[in-house]
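Before anything else, here's the structure in question.
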C-alpha cells in the first residue's frame, strides 16, 4: 500500500546509515530535489548512491555529497562542467567511484526489479569497464556478464500520482525513475500533485502503484 | 461440522489476505477468491496478461473482448487500474513485487514443493502458462485445492509424484478439510479443520503434522 | 521507416518459408486475425510460430495451424478447452511443441529486442522445463540460463498508429505485442486507425515507431 | 581548397544520413549535425535520456527544464515524438534498432576500434555515459572529429592508445581533412579530401589507406 506523507521529511524517515540509495534524474531533469534536501536534514551517512550523474552545481545530489553523507557513488557520467563538488571529493579521496556504462546502469536496475539474476551484454567488451568481469561467447560474439543493482531506497520525482501510487511523468524527466522504482525495497516519490484513482488514464500509467511506497506532494 | 464447499474455501482464504495487498488469483477455483474481496479490503488484483486493478467478471453490456483475465474470461476495470505489456507484467511477478498469489494444485509436498501444471500422464499436452513464474516470484504462495483426490488419496504429500512447478514455494494450503501452514523443514502445521479430526488427518496424510500454535 | 500498406496481403508479403513468426495475442485478445488470414493466403510454410497459446477455436492462429503451414510452435499454454486444432495436430505428430513458462517467453523476447545475450532466472528451477539447461548459483539461489528468442517477422495488432508507426493499444489486448515488436526483423501491425503525427500523446505511446515496419489499417 | 570548418564537417556527414533513418547524435560536435537535417529528411532523432522525435534546441520561451538532450541542453519536441524510460531507451540502443549514431572520438583505429570516453591521463575522472552502448548497439557508427590533435598527430591510428570504448565498431570517420570508410580487416578507404593531398594523408597517417572506389 502506498503511504501519502505530509512532508518530504516524513517521506525519507527511517533511511539507515549504510543504505544503498537510488537517486533519479538525468542531470537536473527528474532530480528529486525536495527528497534529497530532506535526506540531508535526516542525516543518514555512509550511503552508496546510484545515479546517472554525480551532482550538478551546489543543489540536489551535489548538496548531499557536500554534506559528507555519501561513501560511494555508482554512476555513468560524473565529470561535468558543473560537477565541482564531486570533483573535489574524488580528487581528495573522500568518495569512492564506480563508473558503469549508462545502459548497464539502467539494465542492472531493471534486472533487480525483474528477478533477473544476471545478464550478458556486449556493452563494455574489451574495455577497462569490463576488466576482471566474466565473459562468454554467444553465437560467435563476446558478451560480459553483469549483475543486478538492488537498493534499499529509491528517491524519485514524478509529475502526478494517484492515491494508489500510480505515476505519470513529464517529458525527459521520466528517465531513470521507472526502473529505479522497481529496484528498491522502499520507493519514495515527490510529485507535483496527487489525484483520485480513476483520474489517470490506465493506458498511460508509467509506474504502477505496486512499485510505490511513499508519496509526498509538493 | 462438514467439510467446506468450494465457495467456503475461497471465503476462508480471502479472510487471510492482508488489507491493501497486491494479489494474483490463478485460473480456475482461485479466481473465485475475488468474489470474497470487497472494495473496502483495498486488495489490488493483478492479472498476468497485463493489468493491475482488475475488477469483477464482466456481464452483458460490460463485456469487452479486449479486457480479459488470465483465464480469458471477460472482466472489468476498477478506478486506479493500470495496463502494461507482458514483459513488464512478468517482471512484476518474477521480481517479487506481488504480495501473494493463489494457485490450484495437483499436489503440494510437506516442504512446500508445488505440482500444478502437468499431471505427468504420458498423453497429456503440457501447458504451464504463468504458474512457474508466480510460484517463484510472489512473496507468498497460497494453494487452494481439495485435500483428497476422487479416489481418496491425499494431495498434500511427502514428495510430489507429479512434475513440479517450483521447489519449496508454498506457504499455506487451503482445503475443504483443513488449512495448513508449510514451515519448510519442520512439520506441516494445521491451522483449522472442518469435518475431520486431527487424528484422522494424521492417519490419512503421509506427512508430519502438528497443530498450529499462535 | 514505417510503410503504410493498402491491404493485409501487402503487409505480409515476402514472408519466407521456414521463417520464425511471432504472433501477438493472449487467446483472442490482441490476436492479429487479418494478418494471419493474409498469411494463410500468402502460403508461407514450414513456419516456427511463437505465441502464448496454440490457437483458439477455428480462426486466427488455429486456422494457420489447420492450413498446415506451421512446423513448430513455441508457447506457454497450448492446452485449452477450444484448442482442438492444435490438439489433433500434436497427437498425430504433425506439429512440434516447445512449452516455455510464460514469463520466460516474454523475457526472452525482450532480451532479443534489447541486445541481451542471455539471462538467469529462477523460473523453472528443478522442473521438467529446465531439464538439460545450464544453471548457476547466485547469492545462494539457483537460476536457469535462458536465451533470447529473435524472429524474422512479428504479426501484431494495435488500437491506433500514427504515420510514423507509433502505437497505442487497448486494455489487455496490449499483452505480448510491444515485446514482440522489438524482437523481429520485420514487425507488421494491423491497427484500427492511422492518425497524423502529433495526434497521439507522446507520453502515452507504448511502441515507438522505430520498432514498426509495416502497418495496415482495417 | 582548405580543410572543412566544424559546421561544414557536420553538413558533409548529415548529407550521408539516409532518409527516414533513426539517429542518435552524441554530445558535443555530433549534436550540431542536427542543424543540417531538414524536416523533409524524415530523420528521427533519438536522445538516450528517453525520447524519439527530438526537435531543435529550445530558446527563450520554449525552454522547458523537463525537456533536455543527452548533453543536458534544452530541446524541443516534434509531432510524432515518444517518451520512454532509461531501460527502454537503452534497450533500443543496445538491441540494434538505431540505424546510425554519430560520436566524437579521441582516436579511431584502422580496424574501427573507438576511443572516446577517457583520455587515459592518470588524474582524469572517467565518465562514459552512453558511449559504449551506442558504439556496440547502433547499426552504423559514424565518427565526427578533427583529424589531427593540436600537436599535429593523427587521431586515426594503427592501434588506439587511449582506453577503448568498443572494438571494431566504427564504419565511417568524418574529419576536417578527409572522410574515411573503415573496412575492418582491409585498408581504410578515403572517400573525400579537403586541403590535403592523398599522398600527404598517407605520409601523415600511420594506417594503410586506399582511395574509395564506387
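Read from first to last, the chains carry the letters A, B, C and D; within each, the first residue is number 1.
We take it that a residue touches a chain if its C-beta (ideal position, glycine included) is under 8 Å from a C-beta of that chain, and two chains touch if they have at least 3 such contacts.
In this text the structure is predicted, and so the values were computed from the model without any measurement.
When the C-beta pairs in contact are tallied for A-D and for C-D, the bigger tally goes to A-D.
Averaging Cα coordinates per chain places subunit A and subunit D 28 Å apart.
For the pair subunit A and subunit C, the distance between C-alpha centroids works out to 33 Å.
Once the centre of each chain is set as its mean CA position, subunit C and subunit D turn out to be 35 Å apart. Centre to centre, using the average C-alpha position, subunit B and subunit D are separated by 54 Å. Residue positions 107, 110, 114-116, 121-122, 169-171, 203, 206 of subunit A are each in touch with at least two other chains. Annotation for subunit B: residues 77, 83-84, 90-91, 94, 136-137 touch two or more other chains. The set of touching chain pairs reads A-B, A-C, A-D, B-C, C-D, using the touch definition from the header. Residues of subunit A that touch subunit D in their complex: 26-30, 52, 76-80, 87, 90-91, 97, 99-107, 109-110, 121-129, 169-179, 206. Of all residues in subunit C, only 107, 111, 114-122, 136, 138-139, 141, 143, 168-171, 201, 203-204, 206 touch subunit A in the complex they form. Of all residues in subunit B, only 19-20, 22, 42, 44, 46, 52-53, 77-84, 90-92, 94-98, 136-137 touch subunit A in the complex they form.
Listed in rising order, the residues of subunit C touching subunit D in the complex are 1, 110, 112-116, 162-164, 166, 182, 196-198, 200, 202-203, 205, 208-211. If you check the complex, the residues on subunit B that touch subunit C are 47-51, 64-68, 72, 77, 83-87, 89-91, 93-94, 118, 123-133, 136-137, 163-167.
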